[in-house]
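There are structures below to look over.
In the two complexes below, chain A is the common chain; its partner is chain B in one and chain C in the other.
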Partner chain A sequence: MTDWRSASRAQIQLDSPEPDHRADHSKNKVQFEWLKLKYEDKLRRMRLLTHNMLSSNIKGVTNGFPLLIEVEKVVEKAVDFNADFLRNMFAMIEWNALVEASRTVGYSELPENAESSMLDSDEFLQKFHHALLELHLEEGALVCPETGRKFTVNKGIPNMLLHEDEV
Partner chain B sequence: MNVAISRPRRFCTKGVQAFSTAILHTVYQWRGLSTMKEVGIDGSSTPSNSFDENFPVLPPIAVKNDQKSLSSKVQATPEIEKKYVHRVYDAIAPHFSSTRFAKWPKVQLFLNSLPSGSLILDAGCGNGKYLGLNPNCYFIGCDISAPLINICSDKGNEVLVADAVNLPYRTGYGDAAISIAVLHHLSTESRRKKAVDELLRVVKTGGLVLITVWAREQEDNTLLNKWTPLAQKYLAEWVGPSSPRGSPRVRSSSSSFSLQSIPETEVNGSGVVQLNSINEDCSLDSGIEKGNVYQQEYFVPWHLPYHRAEVSGASADAVANGFARKDDKKGAVVYNRYYHVFSEGELERLVSGVDGAVIVDRFYDKSNWCIILEKTS
Partner chain C sequence: MWYLCVFYHRLLEYRRPEVESLAGLFDASIDSTATLQWSLPVDYHSDSPFHLVNLPSEELAQSIASRSILVKGIYEIWGEGRNFEELEEAIKSYPDDRKLPYLTPGSTFKINVDSFGKALSSHEQKDRLQKLSFIPFEGRVNLRNPEHKFCLMDNDVCGSNNGLAPIVQSRIFFGREVAVSDRKLLQTYQLKSRKYLGPTAMDAEMAFLMANLAQVKPGKLVYDPFVGTGSILVAAAHFGAMTMGADIDIRVVRDGRGPDCNVWSNFKQYGLPMPISLLRADNNLPPWRSGLKEVFDAIICDPPYGVRAGGRKSGGRKLLKGIIDPYTVPDDKRTGHIPSTAPYSLVECVHDLLDRAAKMLVIGGRLVYFYPILRDDNSIDTTFPEHPCFKLVAVCEQILSFRYSRVLLTMVKVAPYTEDIELAAKMKHLEFRENHVKWLEEGNLHSAVFSPLETQVNGVSEKSSSKPKYRGKYV
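== the complex of A and B ==
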């Protein structure tokens, strides 16, 4: 009986929007795990959206886009779907670069070519959403297409700082 | 084409995308809340045929475009910024972050005015307190301080390490960009101008850019007494001439700000800094009583309490090599941060040489000069 009760309360806590601060001390562990889950869920890595806007701005480089991706670790993370954002971004996205980048990180469901009329298709939007926002490069590097200079990505953070002789 | 400084294009409805109209509409709405002071440029008084008394029409400012003369020197980070901005923020990052949670209402208002689905670029995001503020928008932040960026990332924000003077983004991508309390850490006018160029470059046509900087005209003048004015000699060594000759003069306003309030000097231990007489290179000196200094370059202290964990590591070294000092009375390690505080009208003047943008709003808020630009081409 006791087992059932605690399991049920744990379930309630996991589903509630905020940890139940009134819970007694025996629930601390569950709360802790809940917070951890929430925290983990918020962790983001570098998305292909970011890749699609990054460019190597080393002095003298005329076309620093798109950066090549060297993959060490990729994670998938579901994020909220926002059709407004997808439609807004579609005009700005370099589609070929997105297709190529998503292939590099192991997703090849995007059509070769895309046009704005496809934004009416829910299936297309879902794929676009997944490629743009849910594939995260956690470890690896971005490589300048012209010079081969590597910008490392650690824990999902690209370091795009240039050296003195590159500015 | 130079920037035309104009009042917001209130009557320009045809051809404006619904997207930007929505933004501008909101911007109008909250202008009523602003506390903008009149700004006069070139000594001219503001015309009275303005539609909005609080928002005078200003004549376009002709600024000699010195962009061509911007050499790579503009982009190479000066020592004073490396030492008294980057290194300090790296050293104080956790403590700085723990004290940076209050969000300025005007920035919040701006971000919340952006349509759902906007991509917002925060250049110089610090601890990322504005990232994700509008849950319907997407934010990408960057800062030159890796320790601050790690803090942003731990909070779940998408961020990267980059220099606001040289943004690693391709052109015309974002819907809006913000630069909150960043430009005053850049030590030359050409670098500040380059940072503005970059903000405008990375947003799309119709995109908005919000810039805020510390004002020389502080609401609490006593704060100035806690800052250390940088001497001319010291500046020349570190920063170089503060602004190009021949740039337009900004009329010193008749605001209540008292020049007498500038302190002689503050004890700062280094002995390097001393108050100097009028800055001959400074073009912002008109209207100033003879003998007074128009001081805009300061060291602003950051007190890192002894009990903070980071005192033991990097700070101990910093104290040992004279980069920081101990203040036993306050129980803190004191770091100096370099600031170029902006005078009234200076931000407008800075953006006046930028191509393809108009000022849609500007205001003074909580001791900051703020400006909103719209990219027009």
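== the complex of A and C ==
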């Protein structure tokens, strides 16, 4: 009877075409790093919907909305389309801020003005969907329009915590 | 119509509220703050798994069972009685037009025999089945895939204290199965196979119950302000909701334990859509823009009670040391500065949660959260947090230890958030800020839970020996 360890080793040899070729090792590693990056891209996300809800809440700041966006890296990722969700969200969205934000991250298809009657148009919904949910700021910062304080966005997570003297 | 609702013998106080919440979820005509009509079989204790519930339709019963975590099955009762003679009489007098459609010659059927609190041998089962021979079954038996299923159930009375609810007299029920539930999803989501866990990750069964009490459904937006490893949002995402979460600990939300072990990977593990956003934010000073309100359909969370994990809020040092002088961060150290945090008392945390939820929930939206209580004999009538915008619809206790338990509170937003309420909340917020130290002392649950037992007065020792034998809420 074959020992399970040798069995799995045989399996590995079958799977990889050149098992003894040491030179290929580094290439594999690079590919692995690339895969890891790609994988992370898929996961991490701060969407413009979030941007539309956030403001700078530093003590004394009266108009901390909308936050300016400093882009280092933006990722696009398809998300399942849900028209009902979009219709619900439309009422709470600050449209101008969304248009401005989507331009900053490089998407300029949204109309200047929008009203609820446009929600019947599938074309409009698709654009709205893309801007709201499919554009992700992965690295960068959100900047307070009044004080210039930067809230960093790292790995897609905005860090909105205030410093001790801003509370 | 009245149905027999048979529950799992678990989380007893959660069972009826879950069914009520699901009834409201599937039938929009049921007022979400109203309760269903319930009753108990004669001689039965409310902790028993057999309950009678009045539901408007069989379809609703099926929908409820398909989604419920604690319902085992829902049955149309054909007869019940203290013994088989009474059962036979009852079944015979049940109207034929309700029975005959399920007994037709061409149909297939199956009868399950079950006894709560006892395992029946196949011999015993056969014995009991034969006593049903008076029912005119004309169809064929099919155990694999029958068209109609029936169930013969009773409650074992063994007299001794076996941890089951005390009943005066057992009853036998015979009924047609309308729907049974499927708890398979609990196995899929069980914590022991989840990649990223924290010390207070919410148990899968409880997380799904919370999602049911919050009436989560596709297209709804659910928020958890203390997201941690995301265990509550995973349940909400399973039921199709869009999820959002925040936490003050950036290591948890951003880094986790590496690229393949973090909050995102927990969603990926089950093939669920990712949260719409995760952010690092403080529940005490949330970063929402001022005009933002009525956004979330449900807020579900497990706030830090300060027993296993304590809450933190921003604005550290000066509060800790009680120094009033403004603490400033030098300009050259601003980038990359890691702000310190201060302890966050439970009272303040719950105040912030209620106020924020009152603003951010849509009308009819639900706030579902845990609230810890000490189990002294003195504090039997605990008062729970109140808010003018909310109506409390369910209070479900889960006993955690001899000293304390946690109560799942389900509140429905029934009134809009007004400027007056906002002003009052702001005043309270400032009061908390000024008397920070005082509130920390008062809200300290940790010492009450972990202090040595002697501190509780000497007379208690005799009391603890005569503990009530039946402690149903423990299950």
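The criterion applied here is as follows: the second predicted complex is superposed on the first by the 124 of 167 C-alpha atoms of A that agree within 3 Å, B and C clash if a C-alpha of one lies under 4 Å from a C-alpha of the other, contacts with A are read in each partner's own complex, and residues count from 1 in each chain.
Keep this in mind: a residue touches a chain if its C-beta (ideal position, glycine included) is under 8 Å from a C-beta of that chain, and two chains touch if they have at least 3 such contacts.
Everything numeric in this text was worked out from a predicted model, so none of it was measured.
J.: In the superposed model on chain A, is it clash or fit for chain B and chain C?
T.: Chain B/chain C on chain A - steric clash.
J.: Check the residue A:55 against both partner chains and state whether it touches chain B (first), chain C (second), both, or neither.
T.: Both chain B and chain C are touched by A:55.
J.: One more residue to check, A:105. First (chain B), second (chain C), both or neither?
T.: neither
J.: Taking the superposition on A as described, I'd like to know which of chain B and chain C A:141 touches: first, second, both or neither.
T.: In the superposed model, A:141 contacts neither chain B nor chain C.
J.: Can A:74 be said to touch chain B (first), chain C (second), both, or neither?
T.: In the superposed model, A:74 contacts neither chain B nor chain C.
J.: Let me test your reading of the model: by the given contact rule, A:131 touches which partner, first (chain B), second (chain C), both or neither?
T.: A:131 sits against neither chain B nor chain C.
J.: Once chain A of both complexes is superposed, is A:163 in touch with chain B (first), chain C (second), both, or neither?
T.: It touches chain C, and chain B stays clear.
J.: Run through 45-53, 315-323 or 351-359 for chain B and report the one that clashes with chain C in the overlay.
T.: 351-359
J.: For chain A, which residues lie in the overlap of the chain B contacts and the chain C contacts?
T.: Of chain A, residues 39, 43-44, 46-47, 49-50, 53-57, 65, 82, 84-85, 88-89, 92, 155-162, 164, 167 contact chain B in one complex and chain C in the other.
J.: Please output the residues of chain A touching chain C within their complex, sorted ascending.
T.: Within the complex, chain A contacts chain C at residues 36, 39-40, 43-47, 49-50, 53-57, 64-66, 79-80, 82, 84-85, 88-89, 92, 94, 133, 150, 154-165, 167.
J.: Quick check on the complex: what are the chain B residues that touch chain A?
T.: Interface residues on the chain B side: 19, 72, 75-77, 115-119, 136-138, 140, 142, 144, 146, 149-150, 153-163, 166-170, 172-175, 204.
J.: Name, in rising order, each residue of chain C that touches chain A in their complex.
T.: Counting only chain C, the residues touching chain A are 218-219, 221, 242, 244, 248, 250, 253-255, 259-260, 262, 264-265, 268, 273-274, 276-282, 285-295, 314-318, 326-329, 334-335, 337, 339-341.
J.: Along chain A, where are the residues that touch chain B in the complex?
T.: The contact residues of chain A facing chain B are 39, 42-44, 46-47, 49-50, 53-57, 59, 65, 82-89, 92, 151, 155-162, 164, 167.
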